[in-house]
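Next up: the structures, one after another.
The two complexes that follow have subunit A in common; it is paired with subunit B in the first and with subunit C in the second.
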Partner chain A sequence: MSKLVCENLTKAYGTKTVLENLQLTLESGKIYGLIGRNGAGKTTMLSIMSNQNPATSGRVTLDGENIWENRKALDRICFSRELNISAESGLAGYTVKNYLKTAASYYVHWDRAMADRLLEIFELKQKAKLGKLSKGMLSMVTIIVALASKAEFTFLDEPVAGLDVVAREQFYQLLLDEYAETGRTFVISTHIIEEAANVMEEVIILDKGKILLERNTQALVDSARYVTGLQEQVDGATGGLECHHAEVMGRSKGVTVLLREDEDLNPGFDVTVQPVNLQKIFVALCGEEVRT
Partner chain B sequence: MNQRLTDAKSIYLQISQMIETDILRGILLEEERVPSTNELAKLYTINPATAAKGVNLLVDEGILYKKRGIGMFVATGATEAIRRRRKQEFYEVRLQELLHEAQSLGITKDELIAQINK
Partner chain C sequence: MRLRFWFRNGLQTVAAILGASVLYGLLMGIQLDGSELADVLGLMPIYLTLFGAIMLLAMMLAIYKFSLGLSISLGSTRREAFVGLQVFRLLPTLVTVGLTALLTLIPGVESFWGPAVVVPAALGLFLATGAFGSLLGMVYLRFGKLGTVLSVILFILIGINGGALTVMAIQANRFSLPISAAWIPWTILAAGALIYGLMMLLESNVVRKYQVRM
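Here is the complex of A and B:
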């Protein structure tokens, strides 16, 4: 099994620390979801993990070897970024065809037949200029680059941004097809959490430049409870447990609890217990406390 | 296999229950192959590891069995086994919930029996 590892990764721009002492291990053969609020550092992390951006300190290794300017390691990694069509990027004038040609020359395992097939599925015109494409169409181009790169470790940054709901579903189906066939490792960042929750085997939550949590998605969801009732009853049922995002309204209280293995709510209290989905867990962990 | 997934409980439990329900309804027959984990993953847009967990739960219970290199099959006697277990769950879980609710509403045992006999 291959491992891509971040060791004490820190990134600062001047006095602003974007990533702080990150520790993360990606194991091959899994689909990871990367979630975090805007500005949490997701894109910076992925760009450092693919040698597109130097770390201020710390390092990234693939099977023990530093990936920095290491061609052999980088042949196994693809980071398909969100396409930025600003004047400075100089990409607006590229046709889809030329852009894919550039990608093909960069990724040694490029699958031309797959890229052509995906162009057809997404109904993208090869002669279209990137500057003329909609946000969703640009996302399709980044998806094509990611899938056709055939890289062992493939990162997709917001691949479904701007895609309509049918195209998003289509993307997850294509991803699962490719995953079933090859067992490649994918890291997918997204803000549309619930749609991706069941696809990601592991979830990584990044908050303010730090890894808040990295866990099996289903295990995390199974461990979460939303507990409501009379304040004293809720406090009794949840005392000593890991509680997040308490909301108090008059006499009533609601709180999200993450149970560790072998833990359960304290018995004997009159409370309502409900399951919590990944999106709600994320809000409970990264949102501000609400008091009304 | 045409039911929808919900947020209400673990995905792998829903997968195993859907397979069970399909067996009870005669949609999947005994000694017939069930969809592979990759097929289930694609059908429900879920991670294959989650689908596998749901299927393995049924293997552990003897509802499904593995034929090496071919796939998963419904075991002989699976229908009866599922019915027996669900019946037990009905008495131990659902009926208890119902009795608990009846109690908190002040419904007496006689009133409840009268309702059932109506």
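Here is the complex of A and C:
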């Protein structure tokens, strides 16, 4: 099993630290979801893991070899980042065909048949200029690059940005089909958490440059409870447990609890317990406390 | 090494240079009364050199603006990108200078200069303008558009003042050129190669630290 490992990864721009001492191991054959607030450092982390930016300190290794400027390692990695096309950007004049042709010249395992098939599925015209495409269509182009690259470790930065719900469902299905066929490792950063939760096997939550948690998605969701009731009842039921994002409304209180293995709520308190979805877990971990 | 991208861009630049030169040559030929193909061909080395140098300078800025970032974002190493930059610069240089030399050898065509003058002079000019284009590109990366505009103005001012001072000094007989006219093209080549070499040192440092921000 191959492993892509971030060891003590730190990235700073001047005095501003964007990533702080990250430790992360990505195993082959999994789909990871990378979620975090705007500015958490997701794109920076993915760009360092794909040699696009240097780390200030620490390193990224693939099967023990440092990936920095390592041709052999980079042949196994693809980072299809969100395309930002401005009028001044030379990319605006590129056609879809030229962009994919350029991508094909860099990815050794490029699957041209797959790229052509995806162009048909997404109904993208090869001669269309990138500068004339909508945000959703640009996302489709990045998805094509990611899937057709056939790279062992493929990172997608907000691949569903701008896609309508039908296109998003198409993407998730294509991703799962590709995963089932090849066992490639995907890391998908996204803000549309609930949809992506169905495809993420593991979730990585990044907050202010640090990894808050990295866990199996289903296990995380199963371990979470949303407890509501009178403030003193909730405090009693959740005493000694890992609580997040308390919401106090007058005498009532709601709090998200993450239970460890073999843990449960304290018995004998009058509270309502509900399951919590991944999005609410994320908000609980990364959102601000609410008091009214 | 993944250099196909750079070769393709280099060839596109060659095509642009040739296209612009031929078009201009034909337009000039149409305007000049009684001009024949031989006359146009005789001037083509000048057009190729001038258009080639200008286009290379402009293309280098464009390369730094987005091609460098694009190649690294698609998985190129910085070493490959550095080599690719040299390929992109040298391919149009060598092709255009080669064509220029060939044109001077066409029988029945009277060129301004023979290949012994054209080849070193054109090569030196291409190397220098390619290097200046890279320098402008690196200034753009560091200081943005404003930096590039200021650099262009600075280069023009230096060029104008330097040229004016040289002419004034020669007219005042304060100094005479220490070299004979036959050595001028080789001096241009030497100067171009020196500028190119210095720029390569700077460029290797810039590319080595390049961060993709697309």
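In this section, the second predicted complex is superposed on the first by the 289 of 292 C-alpha atoms of A that agree within 3 Å, B and C clash if a C-alpha of one lies under 4 Å from a C-alpha of the other, contacts with A are read in each partner's own complex, and residues count from 1 in each chain.
In this text, contacts are C-beta pairs under 8 Å (C-beta built on N, C-alpha and C of every residue); 3 or more make two chains touch, one makes a residue touch a chain.
If you're wondering where the values come from, they're calculated on a predicted model, not measured in any experiment.
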First, second, both or neither for A:Y107, with subunit B first and subunit C second: second
Contacts of A:N198 with subunit B and subunit C, given as first, second, both or neither: first
Partner chain in contact with A:L74 - subunit B first, subunit C second, else both or neither: second
Subunit A residues touched by each partner, larger count belonging to subunit B or subunit C: C
First, second, both or neither for A:A237, with subunit B first and subunit C second: neither
First (subunit B), second (subunit C), both or neither touched by A:N277: first
Partner chain in contact with A:N51 - subunit B first, subunit C second, else both or neither: second
Which superposed partner A:Y179 touches (first subunit B, second subunit C, both, neither): first
Partner chain(s) touched by A:E169 [first = subunit B, second = subunit C, both, neither]: first
Overlapping contact positions on subunit A, where the subunit C interface meets the subunit B interface: none
Touch list for subunit A against partner subunit C, complex: 47, 50-54, 69-71, 74-75, 77-79, 81, 83-84, 88-91, 102-103, 105-107, 145
Footprint of subunit A on subunit C - complex, ascending: 2, 4-5, 8, 62, 65-67, 70-80, 209, 211-212, 214
Contact set on subunit B toward subunit A in their complex: 5, 7-12, 38, 41-42, 44-50, 53
Of subunit A, residues touching subunit B in the complex: 30-31, 169, 172-173, 176-177, 179-180, 198-201, 217-218, 221-222, 275, 277
